[in-house]
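Okay, so chain A shows up in both of these, paired with chain B first and chain C after.
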Partner chain A sequence: MTGLASPRTRATNRAVILIVALLALVICVSLWGLSVGAVAIPVDVIVNTLFNLDGEQQTYIIMKSRLPRMVLALLAGGALALSGAIIQAVIRNPLASPNVIGINSGAALFALGMVLLFPAIPQVWMPLAACLGGLCAAGFVMLVAHYRSLSAVHLALIGVAVGFVFESGVDYLLITSNDSESSAPMIWLTGSLWGRTWSHVGISWIPMIALSGVALILSYRLDLIALGEATATGLGLNVPRQRLIMLFVATMLASVAVAVVGVMGFIGLMAPHIARRLVGGSHRLMLPVSMLVGMLLVVLADGIGRAIAPPIEISAGILAALIGAPFFIYIMLTTASEQEP
Partner chain B sequence: MSIKSLVAGLAGAMVLVAMLPAQAVEITHDLGTTDVPDAPQRIVVLEYSFVDTLAAVGVSPVGIADDDKRDSIIPAYTAIIGDDWTSVGTRKSPSLEIIASLQPDLIIADTSRHEAVYEALSEIAPTISFDSLTGTYEVALEAAKTIAHAVGKDAEMEARLAEHTTKMEAYKAEVGDVSDWSAQFIIDNGEGIFLHSPVSYNGSLLAWFGFKSNMPSPDGHTYEEAIVNTSLEQLSEINPQIILRGKYTDPGLTDSWVGQPLYDNIEAVKNQHVYDVIAHEWSRLRGVLASEVSAANLVDIVKQLKQ
Partner chain C sequence: MSIILAGVTAGYGRDRAIVENIDLEIRTGEVTVLIGPNGCGKSTLLKTIGRILKPRSGSIHVDDLDVLRNDPKRVARTIAYLPQSPVVPTAITVEQLVGYGRAPHQSLLGLRSAKDIELVDHAIATTGLEELRFKPVAELSGGQRQRAFIAMALAQDTPYVMLDEPTTFLDIRHQVETLDLVRQLHDAGRTSVVVLHDIAQAARYGDRLVVMHAGRLVAEGKPADVVTPELLREVYGLECEVYPDPVSGTPVVTPK
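Moving on to the complex of A and B:
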């Protein structure tokens, strides 16, 4: 120890190094993702295509297939992780995730319902239906929270109950419809980037980036809420109102993400925990790290899903859980003695 | 006008015609109207029934969504189209990258499966989409005509359909009068059974041969009405005299029902008129060639029946 650096700046320095390292990792994995898939493309052709240089190019596969998927994976991974981190802070429950306020099941019900009950509606509207479903479920939870100023635990329980109602709706639709051949909603329900194009990026990048910005700016309020309701109120924070604002931001983030990539339940739950283990609970650092972890997981999962058994593609939602869970457990085991959740 | 100028004008017109780009055919399909290049050469198909249509007019697709199982393209098809195609993955989520790498000039998609990625497919090549899952035998033949038109093989399809009619009428004559028999095609996937109703492809094929159906015939043509997921109770209620059974697992669910009075008392079971057919061929393949394969099966079954 030199005696100059205080423990606080050392922690910050460590976090900055970590963020830079994660960022580099995200970039590396994204580039790797561009190079893998059912069709092998040499690196020089990728570079030619990306920068429009002379020589062989693969315009469709790189520019219209892999690049929009990569961008969408980064956006959705970041948004889902951020949403999960906010919801865990607001509900003050480590098991919380966008799922807990019913977003996933609401989105799933509306998407399936649209395809199965109103087959005349073109499937391009499925993302919008999903977004509406997520907002509907979460909106109900928030409405209840608004009128009764409930405690965090009650909020979580109501969210779980609402989620179950929507989930039973999904089960009902799946069981009564025997349309096992028409599988578009099923692929979508496992969370997948298959067939995504620039038009999906086009409709989602503005809300995702704007909402992420708002969330990062308001992150200090999460630190106050994390102190506990009584303390936060004592410090002059209108806890119910702040909770509602933050929940609304988180709901919008998750709903937009679910609309374009489908249901990826794992990211919103695990990425914030991994981030907390890496940089601690201060949201100023923890939120950006969560986003980076979420991005990393989704981009990696999508790349592996394309590379593992072409021409078959494995949904990113399935692989994100498969890759993320062992890493998550490892982090929990190696850091368990240092910090409590 | 002098002869000289007439000849010059004619020659000029001929040069103009020769310089015109290949004519595009405008095809109206489930998801819109698409300009398909004249006589496309590199075709990718995303459902089995489109393989059937191409085989019927002697066109070999460059890519097939064959679920990565080359055996799923049966010998009746490979005898015509060869086995040079590239697998583009599953019918559910075919690999867009592989499709693009084949540089197709036409993609034939299935409406209910691929509607959500129609835009992405259209970026690769002109894409036409038809509903392969629902619809009767007659509807399947109509779709085959439209696809043949899209690939510039109208004459070939007309000739093949004439041959088809002759073959089918011969099979029908061999089968003879079956109007006293109620027949039911069922799929047994080990977990459930699915009855193909009179408005389904297989149901309508049986009706074409003159078999009765004890199933109510719905007016609409949705998938739910065509392929009905049902239970033993409902099957015993329908009580067909002949069951044509396609099993995806062995033993199937129906095998576990043997010994139960409800199953054993079904007319077809009681009189040992349950006939196994190849589930893949009957349930997944539809079209000109597929119906001939099924018809040949039926002739054999009726022979056993009449013994």
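Moving on to the complex of A and C:
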């Protein structure tokens, strides 16, 4: 019996070590991220500042400018990765991500529409507008799926189509707005943490942490739903209801993230795949690991974006895709051969 | 002690009903095999019994349990259902898959009790999967996969097991292996309902055959009583000769 149990224990130990290592890596990269930018600050000064041991000009830069965007990068990276992992389980399609059911473009359209068309509305409402947009897109896809009881593939295809509709709406808004500051929404749409402040953290941290908690609680049910509708129903799961709850959580997570950091579509696709490769498909391990991978990717991308050519910044969304894509392709190539029956 | 269907009509979406007005009793302790031509509604009927598909009308009772008016988890503790080609989840090991069979007995978080672990071990041992225990299901051969899914249904520890064409896509050796496993379930006191295409296999492994044609039951009873040239002509539109299997003595069919 012990002989049989040992690989299981080994797998669990491996996962625990991996999670601790990832966590350490996230912290290190975050500290590094705080040190780079237009003004380079040594890491020891940052640590002193964070623990309130220092009080100078650095304190201002760190506490007012870099720390909030770091916190946002962590929150948004985790949220996008979780959202992607949930959607991949529900749609059972490796290409699925928040983009695929139109969430990102829906959220972007509503948030952008609010900023450009109703500039009087305070920015605090932006996550709400984004959530409405995300829910509109995902809600439409789910409604169609509900009435015609569609397969997962059809769900994904309709989602892609809905995404395109919302995307053209975004393009239309960008072209027609005569706003002299219209480059700001442009930067936001490529997925950037530029100019983020504590007020952005203030409007997003509660929903993001609450939703992440719900996602982690749902992790075992995600395992069941990934077995397909028939098997999951046979195991006593109310599949339509669970699917709705899961997609709702995923939609809200991605929408709030889009509201504060813009569209970083790649994170939601990539982080879950990397996590699955690292710890397997059981969501109780895969979800927290995806979340950490998502955080790492966004923090790293944001740090590199500021380190390359200060004071110029490159959007984290662009860099996340640039750094992540080769790694992602590598993972796909090495798993593809093993997955064949 | 049995599953009793009364006036069950079922179908998909707004389309025409696939099975109509079915009255059927599935007796405890028997292997019941559903046979019939393609599209006759046997899979749909099995799904309806397993509560994967809600019937449009009629009632299904298991012992005293009203299947249609009960909590799905409670039903899943009574009836296990295995679809014809179950989705193979990515990066899930055999042990994890078999563990999912315990879901109807667990809370939302799926934490395993000592009993869960014991039943998972037992299911893995019964299906001979010990050596593949930590292998991803996606890397198994067709026959091994089928065993892994049957082990999941075993771990579900239900008195009733529904299997939809468990032998499809398997070579003859793995077909026999799978059907032997069904007989083993029977010997362990479980009642199973199996959809099969092969009439000879159905006759050999089933205690009772239920024959369907165009959404209705046309015959049911012991294999030797049911499998006759007249019935095969009526249901499959095929002239056949029926003779006893040299090994088991059950009816075998050869088209003329």
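Brief remarks on what is shown
We take it that the second predicted complex is superposed on the first by the 282 of 341 C-alpha atoms of A that agree within 3 Å, B and C clash if a C-alpha of one lies under 4 Å from a C-alpha of the other, contacts with A are read in each partner's own complex, and residues count from 1 in each chain.
What we mean here is this: a residue touches a chain if its C-beta (ideal position, glycine included) is under 8 Å from a C-beta of that chain, and two chains touch if they have at least 3 such contacts.
In this text, all values refer to a predicted model and were calculated from it rather than measured experimentally.
With both structures placed on the common chain, the touch criterion links A:Asn238 to chain C but leaves chain B unconnected. After overlaying the two complexes on the shared chain, residue contacts for A:Ile217 are found with chain C alone; chain B is out of touch. Within the superposed three-chain model, A:Gly228 lies in touch with chain C and out of touch with chain B [touch as defined at top].
In the superposition on chain A, A:Ser192 contacts chain B only, with no contact to chain C.
Within the superposed three-chain model, A:Met126 lies in touch with chain B and out of touch with chain C [touch as defined at top].
Contacts of A:Leu31 after superposition: neither chain B nor chain C is touched. Legend: residue contacts after superposition of the two complexes on their common chain; A:Pro310 is shown touching chain B, with no touch to chain C.
Overlaid on A, the two complexes show chain B and chain C touching no common residue of chain A.
Residues 37-39, 60-61, 64-66, 119, 122-124, 126, 177-179, 181-184, 187-188, 192, 194-197, 199, 306, 310-313 of chain A touch chain B in their complex. Only residues 68, 87-90, 92-98, 100-101, 112-113, 115-117, 119-120, 123-124, 133, 192, 194, 222-224, 227-229 of chain B touch chain A when the two sit together in their complex. Chain A contributes residues 4, 7-8, 11, 92, 94, 148-149, 217, 220-221, 223-224, 226-231, 233-238, 276-277, 280-282, 284, 338-339, 341 to its touches with chain C in the complex.
Remark: chain C residues 12-13, 47, 50-52, 71-77, 79-83, 86-93, 95-96, 100-101, 103-104, 106, 108-110, 121, 130, 133-134, 136, 138-142, 145, 156, 162 touch chain A in the complex.
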